[in-house]
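Chain lettering (A, B, C, D and E) follows the sequence in which the chains are written, and residue indices restart at 1 in each chain.
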Amino acid sequence: MIPVLLIAIPLIGGLAGFFIKNDKSARSWSLLISLAALVISLWGLSVGAKSPLLHADAEWLPGLGSRFTVGLDGMGQILCLLTAIAFPVIFIATWRDEYRKAWNFYALMLLSQAGLMGVFLAMDALLFYFFWELALIPVYFLCSQWGGERRIQATFKFFIYTFVGSLLMLVGIIWLYSHTPDHSFSLKSFYGLRSIVGGADQVWMFWLFFIAFAIKMPIWPLHTWQPDTYEQSPTATTMVLSGIMVKMGLFGMIRWLAPVLPLGTWAWGDTASGLCITGMIYASLVAIKQDDLKRLVAYSSIAHIGLMALAIFATTATGMQGVMIQMFNHGINIIGMWIVVDLIERQMGTRKISELGGLAQKAPALAILLVIVALANVALPLTNAFVGEFLLFSGVYSSKVTQYNVVFTVVAGLSIILSAIYTLNMIQKVFFGNTNALTEKAKDIKFNEKVVLAAIVVLIVVIGVYPKPVLNLTKETVDMILTKMDYKKI
Amino acid sequence: MIQLVWLVPVLPLAGFLINGLFRNSLSKGMTSIVGCGVLLASFILSLLIFGEVRQENFQAVTVTLFDFISVDKLHIPFAFQVDQLSILFLLIITGVGFLIHLYSTAYMHEEEAPHFARYFAYLNLFVFSMLLLVLGANFVILFIGWEGVGLCSYLLIGYWFKNIDYGNAAKKAFIMNRIGDLGFLIAIFWMINQFGSVNFSEVFTAAPGTSTAVLTGITLLLFVGATGKSAQIPLYTWLPDAMAGPTPVSALIHAATMVTAGIYMIARSNILYSLAPLTQNVVAIIGLATALLAATIALKQNDIKKVLAYSTVSQLGYMFLGLGVGAYTGAVFHVMTHAFFKALLFLGAGSVIHAMGGEQDIRKMGGLKKYIRTTHWTFLIGCIAIAGIPPFSGFFSKDEILAGAFAKSPVYYVVGVFTALLTAFYMFRLYATTFLGNFRGTHDQEHHLHESPSAMTIPLIVLALLAAVAGFLGVPEAFAKNSHWLGHFLEPIFARGAVEHAAEGGVSQEWMLMGISVVVALIGVIAAWTRFSKKPDLAEPSGFGKVLANKWYVDELYNAIIVRPLYAISKFLNNVIEKWVIDWLVNGVGRLVQYGSRQLRLLQSGQVGGYVLLMVIGILALFLVELFVKK
Amino acid sequence: MPINYYIFLSLALFCIGVAGVLTRRNAIIIFMCVELMLNAVNLLLVAFSKMHLHALGTGNPQAGIDGQLFVFFIMVVAAAEVSVGLAIIVMMYRNTHSIDVNFLNRLKH
Amino acid sequence: MGITQILFWVLSIMALVSAILVVISKNPVHSVLWLIVVFIAISGHYILLNAQFLAIVNVIVYAGAIMVLFLFVFMLMNLNADTEPQKNKWLKIAGVVAGGSLLLVFVAALKHADMKNQLAEMNKGDIGLIHNLGMALFQDYVVPFEISSVLFLSAMVGVVVIGKKD
Amino acid sequence: MNAIIISAVWGILMMFSGIVSDKGPFIRNVAVIGLALLLVGNYLDLIGYHFFAIDAHKMLFFDTFGLLANTVIFGSTLIYVLLSGRDIEKIAQRMPVAECFALVFFVLCGVSLVTTFNTLLMLFLGIEIISIPLYILTGSDKRNLKSNEASLKYFLMGCFSTGVMLLGIALLYGASPTGSFSIDELGIGRSNLSALYMAGLLLLLVAMGFKVSAAPFHFWTPDVYDGAPTVFTSFMATIVKAGIFIGFIRLFDETFSDSQTKWQLFVAIITAVTLFIGNITAVFQQSVKRMLAYSSIAQAGFMLLALLSINGLAREGILLYAAAYSLATIGIFAILIKMKDYTFEGFNGLAKHHPLLAATCTIFLLSLAGIPLTAGFFAKYYMLASVIETGHYLWLVIFAVLCAAVSVYYYFRVIQAMYFKDGDAQVIETRSGFKGLLVVVAALIILLGVFPNLLLDKLNTLIYTW
């Protein structure tokens, strides 16, 4: 019931949105819809994990052995909540952005929300793939319609890139499906495969899936689409991309890869981890030299995602919990970052760090909020990210599936320092120092932006101080996944 | 009462929130009242708690607020631990903190209200984090405070954010701390992996059962953290730069409290260290080296705050020496006394700077003693105390450490004493150049000279008193039995870990040691006094002096071997690898397709003959496959 | 007569036809070569039909008749093709006074 | 070596030679004439194989009607040797080589055919007679027969559409 | 049988309808009625009610597979005529519309032969009945040199392939133990093949490959599709191709399924080459029409996957593919015909001036690209699934999806042109009826994309009983 609503409300709302030929009302409409979705997902949190309301199942393609099965488990809850929170926040934060034919813009946004929800809710491989693409298409149009001047090439690259990945995944899905004893796409039968599919095959399948997810996350060296796309897309879309979409990759790995192909995951875990770590350090280093705020955030995001992926391969309860909570945190924090970037860009008309400076004098409130968000980005204690990264690292350190756990931790740890470097550089160059001709006329932020950022800050601190509820939410999922991932038990 | 300990940190937090959120509406008066009031309140609260703690056979109390993180086997409660050590630090922090807040109200008075409020908010936040650090009942809470204070020092160093250099100094501080923190974090993960817990109680009880190698590793990593926070080699260079912050900040954070966090942490985990002798030696050597290095540098500094900063580094080195040789009480004792006299000295310096209208170069001062008397006297007391001349506090604490060092190895002792000599020398060089002789500043500076308001002088006086008498809390056993009150007080903490060497060598030896150090100190004092009171050295340093003046070129070294390469690499990755390797490959695929397309379409020649020919070739190919390949 | 002879004979004719198609530019000649190919096939079919008769004739006197009928149909189709083909060629000739296939190169790439 | 064999060889050589001549002769009209010779030779084979009906039809339809049509078109366009376009020599060689190798491959593929020692019934067996063929055609093959009428219709219509002046 | 006879008869009727009146609408309506009749008749056949009791002597076999294929094909023809029928008149002045429709019907007759043949003779006749009218239709724009050229090229190469096909048939005949052309007799017990049989098989593969434009026998396709009047290009590229494909599958399924392992490799090679050439070459095209020609080659490559793995999934899939591919392509061509300029630039900014055309066109393109929620996705899905089901040729599958990714490149170029590039795309008048129909087609594609079982459940039940 609830899952269906979560998908249906934005979907229908979005489709309807195409026909509101008026910018203002379209905007309000989309906000309304997204708030409705938020309410629903909160309801979903309230009903309790055992409630039948959290699952829905219907005949879809009997011939293919695929059913319309959706459900909210812990991980689904947390990610749906993130999605549900993100969209209203985005809509309010970008309330003042102007778009040509805004109704199409908002409609597409809602459609992508529907797709994302679907991805997080689907309990059926084919359905999962469906939503996976459904989330991609609207974003493609959003970016190449309302993006920057190099938008078309950038987003096209992004689209083809991810499309290649998802097609490979499709092959993997079909292959697995054809090996399920009951010829079904259901998650259950897929989880049954871990003992049926032999090691050699699992390795192949692992790569088919991993590439798809790695592109989405993105993991080095498959990341080059990301900075361009983030730079070129309209900020609202960038928020969706970086706040939620990248989680699709992690989510996919946790739900559809690791437990389904434990042998493959185990066999290539170290290699993949190596990639993740290389990515973290690489991205952090590159981030230091970025002059474009968007690119900076993009690279920092690559680094953070790499850490989460790393923790998945570590296969420890702490690490997995860390991933869960960090997926949420990263979403919140990076959206916060984007909001600030958007504000700066809209006021100053530039994202070039070198052209900015001394904003703290003109816009103290903005400065303070940014500093807090940025500090969350560098995982300072009592911010949400600290909890996440602490768990992630300690998970990686105590990993039993690799003998390199210490090396991994130490090397990955360097990214903590690097992240401090580039974040503080950015803060200093943008907000401190003296104002220049451009930043002279800067004004402080408006009410709605204050509200949104304040809300984000509150979330940051609250989760940073009292993460327990979030952790409890995903406990069962984590245990389930870990038991499935235990390759020794095959 | 102890159950209310959570109020102690929460009050400053409240202060922070009030000052932070309403910074635009609050008047300066209100701000200062809130800022200082919360501190006073928690100081009183700490006193009350102290009253309970100091009773005999008091057992450490753990106050658990809530469950912070709990994932399958790992449980990290958000808990405070009240025992002799933490209460001692509690008193120092809140006490000295309060005085410095008070001092600030006057010192920062030129700032406009919002920034004034911002200042106090930061200060309160700092106190909050520091209290968190010392109260935490497990390493994670400790770490939270640990990074919290780092943040606050970052914010306060960069308080005047318009000045890029200050910003850089702040950044440097934060990042260097981060480097240390990484070590700390890894140590924590190791502990989790090893003991399955980070709570002091559990870790320390489990420690004796674990292999020395592991403990050495953990303790070394913890020490890396300490070097960052407490400005030891190799991570000390941030502290002198940190003087960019307002002087009271330097007094509170970069002298009295934060920088002693490392000492606190090691003292706290003394059990682990006592089980890892290797680490102890490392700590001792590093500490000693730092003490010496910093002292030498301090000899040639002309910025009044820089001198104090390096003396701080040097004194911290002493404390680590104490920790290294197992004289934990001595170390903690020195933390306390140092807190008093160093705070005093900084505030004094602040008062001087205040009087000089922002001038910090001692070469432009001189003969100030007749203009600012209170400051002068208090500053003098501070100098004597740090120089280690009995009966002022510095003497007792430093002597205890030296005694411990001697017990460990005479070499330590000799170097320590030599450092003491230097300390006495440069402190009195500072004193003499600043207060004696005749005024060398500009004319209007001379007019401007005036004694600071009482809000500044009162703290000075109080601190001066403390600096003078605090030593009697730890009178060596040599004078009278059980005269070492602090030692008894801290016994429950260090009983198992520490070994009190002091008594071992017999009373006579101890007298001798004291004698030596006193003599040495006096030599230094007199040498400096005679040399600089009349004709201070204003000449540009040359030869070896130049090297010292330039701080052994360590900053330049770091720049050359770390900072620049880092930026170079990042530039290389960004401009070369990213663009011309990875992305080039990705786009290369696209280009390859394009190219292939352009070539393939030439097959479509438009000639029927050609088409048929290709068809025939296709047929041929199929038959050839059939004939040969399939066989 | 061994069937192989017929097989190779008609294959030879067929390939000559193919070679013709490849070597000539005159549309009609090309077309004629195609006719040659068809005839080669016809011959082969007839030969096979007789072969089948020889093989199965005892049981079924009508064996192999399908082959010859097929040939009949091929002729039918060939006739139809010729009519259409020549029509197209003529139309072509009307527009460009040539029947050279090399001139058919407006459409390429 | 009986008369049949002799005739077989004669006809075969005749067919092959004239087929080659079709391909190589410069003058299109000559090609047509040589093609007629090929057809006649093939008809001869039909007779050898005792398929009189096909032989007749082949002569009438092919050698008669169709070839005349070809000739007619040639006359219409009055093509002759000197207007005959020539491919450049390399393409020709390529074509010949391709055709030759095709033959080679076919032969290679079929020389081991399992029925290579099967015989083709010569000059006896009456399935080739009009009577039998007619029976079969109008009983079993009536449907394809009708269908082929559709084929003719479409061809007719087509020719009309194309050829109609406009 | 109904379909064959009705289409033939209606073809003749169309010829004479030209005499009654040469008004375009009238002729079109007659055609539409005919098609409706065809659909009905075919459906009656499907449910086992035959108008004519004719003994085909096992030369035709009306199974559900063939008849369903007919339904799909006639259905798409109906849509085709409704969408683009009136554009036939516009090809040239004094265009013999009636005759053209007659030819279309004859082609349909051929198609319905090819979908239900049971002897190679019928296959041959069917193919010829399809080809000969197509030669004409290709050249129907008489004054247009491109049209002539296309027609002549098509004709010459078509004849050549006919020759190849006949040789193949002849060899098979020789190899057949019972001396018959009937595919059920050819098929029996062919686990190990005589050289003759194998040669015949390969030649048939080549000839049929030529008809469905499989590389390297595809060379006629781009030129012919490009040269032919766009209306008929659409017809050729969709309905005819689909029909012949059904025949292709049927032939190999019925005749050679026992020896599948022997020839799978060849099909795999051809498929790979086709996918490669089709997709890669399409990338560089400047004219949308020509691009679609190449894309049709690429799509053929995908359909060949069904031939590679002849199994239940393949049979269902090929029908779904035929439907999805035909619908989408007909739709795009219908829009393309309305464009003044066939190059990609010609589509610039279409979305601004004609949002509806752009939107529907986008859906068709997405379907061709095989994006989920469109019929094209499930079509491709079935192809891939069927191959994976066989357990071999995973490399081919991966290669295929990579090619599909390439295909996105050129399909999306159109979308980019329509939506993200500025320009004023010139469009000749479009009636509201036309637009409405486009929307219906698009809706149909989406519907099949979400619930393919609307079409497939029938098959599941029917095919497995067959």
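The criterion applied here is as follows: a residue touches a chain if its C-beta (ideal position, glycine included) is under 8 Å from a C-beta of that chain, and two chains touch if they have at least 3 such contacts.
This is a predicted model, so every value here is computed, not measured.
*Asks:* Which other chains touch chain C while also touching chain E?
*Replies:* Chains touching both chain C and chain E: B, D.
*Asks:* With chain centres set to the mean of the C-alpha atoms, which chain is at the far end from chain D?
*Replies:* Centroid comparison gives B as the farthest chain from chain D.
*Asks:* What chain sits nearest the middle when you go by CA atom centres?
*Replies:* A
*Asks:* Looking only at C-beta pairs that count as contacts, which pair of chains has more of them, D-E or B-D?
*Replies:* Greater number of contacting C-beta pairs: D-E.
*Asks:* So which chain is the furthest away from chain C, centre to centre on CA atoms?
*Replies:* Result for max centroid distance from chain C is chain B.
*Asks:* Where the centres are mean C-alpha positions, what is the separation of chain A from chain B, in Å?
*Replies:* Result: the chain centres lie 37 Å from each other.
*Asks:* If you average the CA atoms of chain B and of chain C, how far apart do the two points sit, in angstrom?
*Replies:* Going by mean C-alpha positions, chain B sits 98 Å from chain C.
*Asks:* So how far apart, in whole Å, are chain B and chain E when each is placed at the average of its C-alpha atoms?
*Replies:* Centre separation, chain B to chain E: 78 Å.
*Asks:* Rounded to the nearest whole Å, what is the centre-to-centre distance of chain A and chain E, using the mean of the C-alpha atoms as each centre?
*Replies:* Chain centres of chain A and chain E, defined by C-alpha means, are spaced 43 Å apart.
*Asks:* For chain E, write out the residues touching at least two other chains, lowest number first.
*Replies:* In chain E, residues 121, 125, 128, 132, 135-136, 139, 142, 153, 156, 160, 171, 174, 198-199, 222-223, 409 touch at least two other chains, as defined above.
*Asks:* In chain B, which residues are in touch with two or more of the other chains?
*Replies:* 590, 601, 604, 606, 608-609, 612-613, 616-617, 619, 623, 626
*Asks:* For chain D, jot down the residues that touch at least 2 other chains.
*Replies:* 87, 91, 94-95, 98-99, 102, 106, 109-110, 113, 115, 141, 144, 148, 151, 154-155, 158-159, 162
*Asks:* Taking the top-of-page definition of touch, could you list the pairs of chains it picks out?
*Replies:* A-B, A-E, B-C, B-D, B-E, C-D, C-E, D-E
*Asks:* Touching residues of chain B toward chain D in the complex: what are they?
*Replies:* 609, 613, 616-617, 619-620, 623-624, 626-627
*Asks:* Give the list of chain A residues in touch with chain E in this complex.
*Replies:* Contacts found on chain A: 60-64, 129-130, 133-134, 137, 141, 144-145, 151-152, 156, 159-160, 163-164, 167-168, 170-171, 174-175, 177-178, 204.
*Asks:* Going by the contact rule at the top, pick out the chain E residues touching chain A in the complex.
*Replies:* Residues 316, 366, 371-373, 381, 384-385, 388-389, 394, 397-398, 401-402, 404-405, 408-409, 412, 416, 419-421, 451-453, 456-457, 460 of chain E touch chain A in their complex.
*Asks:* So in the complex, the part of chain C that touches chain D is made up of which residues?
*Replies:* 1-9, 11-26, 28-29, 32-33, 35-36, 39, 42-43, 46-51, 53-55, 57, 61-66, 68-69, 71-73, 75-84, 86-91, 93, 98-100, 102
*Asks:* Touching chain C in the complex: which residues of chain E?
*Replies:* For chain E paired with chain C, touching residues are 121, 124-125, 128, 132, 135-136, 139, 142-143, 145-146, 148-153, 155-156, 159-160, 162-163, 166-167, 169-171, 173-174, 178-181, 222-223, 226-227.
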